[in-house]
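The letters A, B and C name the chains in turn, as written, and every chain counts its residues from 1.
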Amino acid sequence: MSPTVETLEAMERPPVTMGSRIEGELLEVSIGPQHPSTHGVFRMNVALEGEIVRKLKPVFGYLHRNHEKIGENTSYLGSMPYTDRLDYFCSMTNNWAYALSVEKLAGIEVPERAQYLRVILAELTRLQNHASLLGFLLNDMGAWGTPLMYAFREREKILDLFESLSGSRMMCDYMRFGGCRCDTPPGWMEQAKKIVDRFPRFINELEQLVVGNEVVIGRTQNVGVLSPELAINAGITGPMLRACGVNYDIRKVDGYGFYPRFKFRIPLGEHGDSYDRLMLRVLEMRESLSILQQAFAQIQPGPIVNPKVKIRAFRPPAGEAYGRIEGPKGELGFYLISDGGPNPYRYRVRPPSFINLTVLEDLCLGNTVADVMVILGSVDIVMGEVDR
Amino acid sequence: MIGTGILKGMAVTARNFVGSYFDKERLITVQYPEERDPLPENYRNFPFLIHDGDDQHAGLRCVACKICEKECPPQCIYIVKSDDKKPDYMGKPQFYPKVFDIDISVCMSCQICVEVCPFEAIKMDKDFELSKRERFDALLLRKDELSKSNEYYHKIHPIEAAAVDKNLADAAAAAEAKKKAAAEAAAKAAAAKAASGGGAGSFPGKLTASPKAEIPGSTSARAPTNSLASSGSSSTPASS
Amino acid sequence: MESLEQIKARIEAAIPEAKIELMPNPGPANQPSLLIDNEHARDIARFLRVDPALRLDFCSNVTGIDWLDRVVKKTVKVKTVVDGQEKELDQTTEEKTPGYLEAVYHLYSMTHKHGPVIIRLRTADRGDGARLPSLTPVWRSAEFQEREIFDLYGIRFDGHLDLRRILMWDEFQDHPMRKDYCEPDDYEWEPTPHDDVAEKAKQHYPPRPQLDGAEKITGQEETLKH
């Protein structure tokens, strides 16, 4: 898998299509910010020759809220609710990434039960994210909403779990530095176990809908093929990278949290096309279920938060830290620089969707406009994270 | 044969469609507003202030310490401290808020104000049917709209309210016990002094054992007992 | 993975004119970084990517940082002669460090699964002409991130093929993430609890008439007049 020096040198030649001006006899179309299939306010300037895409320039920033500047003006704890709103589908993993970075910065330890709870919530988040992604992708391909509703039916069960635990379905604000905010209410574990036990039935149905379906196969196979060398160089992470065959999962590489205690496999794709990205997410859902079963078996009652951490006037020592997790969309990292004060000096989010969009043009060249939607759906972007 | 994949998918759709007539799990539509799903205990929407008893003004727990205003991330709380004091539930005179506004068009229901309040005065409400007819003044909730009684809090969050009441009762009992112990100690000291020195210089028995009132918002996360354990004053033992 | 001192030694052996400094990182995180000079940045980056022991082929994160002018007060005890007696007095010296802009690269390796190696590039000052070499030809993942740093901080990257604004719109003038950025104050006018925001906003709009005069029309007077 390791690229040779020759291929690296070859990649350093700039690709021919870079440049911001699109001109000539090509038809310029703006697949505009308001579009039902672009996963948010996202715009693509495409230059078409007939139906074939010759140039594609993504334009975003419509949802830019300057989240990093807000982070510089808010205390460490006050930034936690803002991290929910980055990738608004996966608020628990965003919270965990931020809490991990602050714990690295300040050297805080996390008790056992909190670590298990974090793993459980992160895997539940991964389940509902992949389910809704598949639903949206099938929706974009023309299955008018039915698979989306099946996926959302399962997602609602998981969101009900989040609501009874943290108080809010999506903007959970649940992790704290040194643990979690509050303990599970009575009956929550049994409810979660029940949902996880019944989830394979949904994945089986989804596989029956998707795997053999000729329309899906025709629209996604060999569409948007990404080579592993380009993926590594362009900083692609997450299911998009593993669909090309590169075995890099931060849960195994960094071993953060209690992931080393669980046995799970990393599914890898072979061709790097949209079909592989689709099927990889289905396989990842099954692996998440196995992690959840193991976590439910191992979790014990205990303290939920490190008692030495102050809630108010929390001042980590001066220094900097970069903490990252394997979010459902890729590597989500937070880079914090502290100067000893109550607010961070620099607060940076490494957004996986933003960086995964680097190769969008390369994937779409030579394909038709209809394929652009399929490729964009398989990249899995959320504008809250792309624009911050 | 080509098309078997699509047919298998159609079988799934048919199973879901027919099953929705028989299986509760497949039919998930809730006919709102005629039927409503019950909200879980922990559900939170916007904050509200608690007052004990019936009088909104006299029983208000908030002492205008302004910690929630400082910690609120979008800064939607606006407090003006009063000039006079009124007695709180333990009898100690405390400030109270003259103005307490929450702008719920800005509030993001993050619950940080609840976490940092040392006096258990602000909690999360559950009401979400809050549509108004205009965007500006109606979405700025003032103190009288925000104050709700402790019974209301018990109704919406029974387990949490029971825990809070237990905490406050424990704090009051601890303060009482400390006061009694201090009074006994002072009486013993005065008696010893009378026995030995003949009661010279009857300085009014300052309670040497009175615990210091802790600054609100000290380190522990969930400890209203610390700041409320400041004892009252009085009960000077009369020296002979 | 080798320690940062060993990596520094090997880079200096491979590229002799490079000036590299090890920046320690106080605190429990233990992530020190290497400050490299701008002329040899691309060569050093290529070495880091190609070297068989390191093989840092994954550039995970590119961050821009705005460091303001800092004044560091140092108090030193100095022996001076006062009134014929030797005394030890405190002498405070002020060290002025001029501000600069910085780009920090977090590098990992997907082949060897180690990291991070953190490298920093600094500009000379915070002025408008701040330029840094672009590392996009070495790692393509820096493409969008360097565009974002140009947009939000104003650092121009030489060698980047498509340097234009990415998050703000193209005609926007200022650089929002700088520490001395002033927000525009013509918000949509709404009465918030914080009066100074409302006052600032009111400066921009003509005073709104509370009533439009329609209440003065009663109908009867008009007909009488005519």
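We adopt the following convention: contacts are C-beta pairs under 8 Å (C-beta built on N, C-alpha and C of every residue); 3 or more make two chains touch, one makes a residue touch a chain.
Because the structure is a prediction, the values reported are computed rather than measured.
Among the remaining chains, C is positioned farthest from chain B, on the basis of C-alpha centroids.
The greater number of contacting C-beta pairs, out of the two interfaces A-B and A-C, is seen for A-C. Central chain assignment: A. Criterion: smallest distance from chain C-alpha mean to the mean of all protein C-alpha atoms.
Note: centroid distance chain B to chain C, computed from Cα atoms, is 40 Å. Spacing of chain A relative to chain B, judged by their CA centroids, is 36 angstrom. Note on chain placement: the centre of chain A and the centre of chain C lie 25 Å apart, centres being C-alpha means. Not a single residue position of chain A touches two or more of the other chains. Those residues of chain C in touch with two or more other chains do not exist in this structure.
Here chain C touches chain A in the complex through residues 25-29, 31, 49-50, 55, 57-61, 63, 65, 104, 106, 110-111, 113, 116, 118, 137-145, 152, 161-162, 164-169, 176-177, 181, going by the rule given at the top. Interface residues of chain B facing chain A in the complex, by the touch rule stated above, are 2-6, 8-9, 11-13, 15-16, 28, 40-44, 67, 71-73, 108-112, 115-116, 124, 159, 217, 219-221. Considering their complex, residues 1-3, 5, 8, 11-12, 14, 18-20, 60-61, 64, 66, 68-69, 104-107, 230, 232-237, 246, 248, 253, 316-322, 324, 331, 333, 335, 337-338, 346, 348, 350, 354-355, 357-359, 387-388 of chain A touch chain C.
On the side of chain A, the complex with chain B involves touching residues 74-75, 77-82, 146, 150, 153, 156, 160, 163-168, 171, 173, 181-182, 185, 205, 208-217, 305, 307, 310-312.
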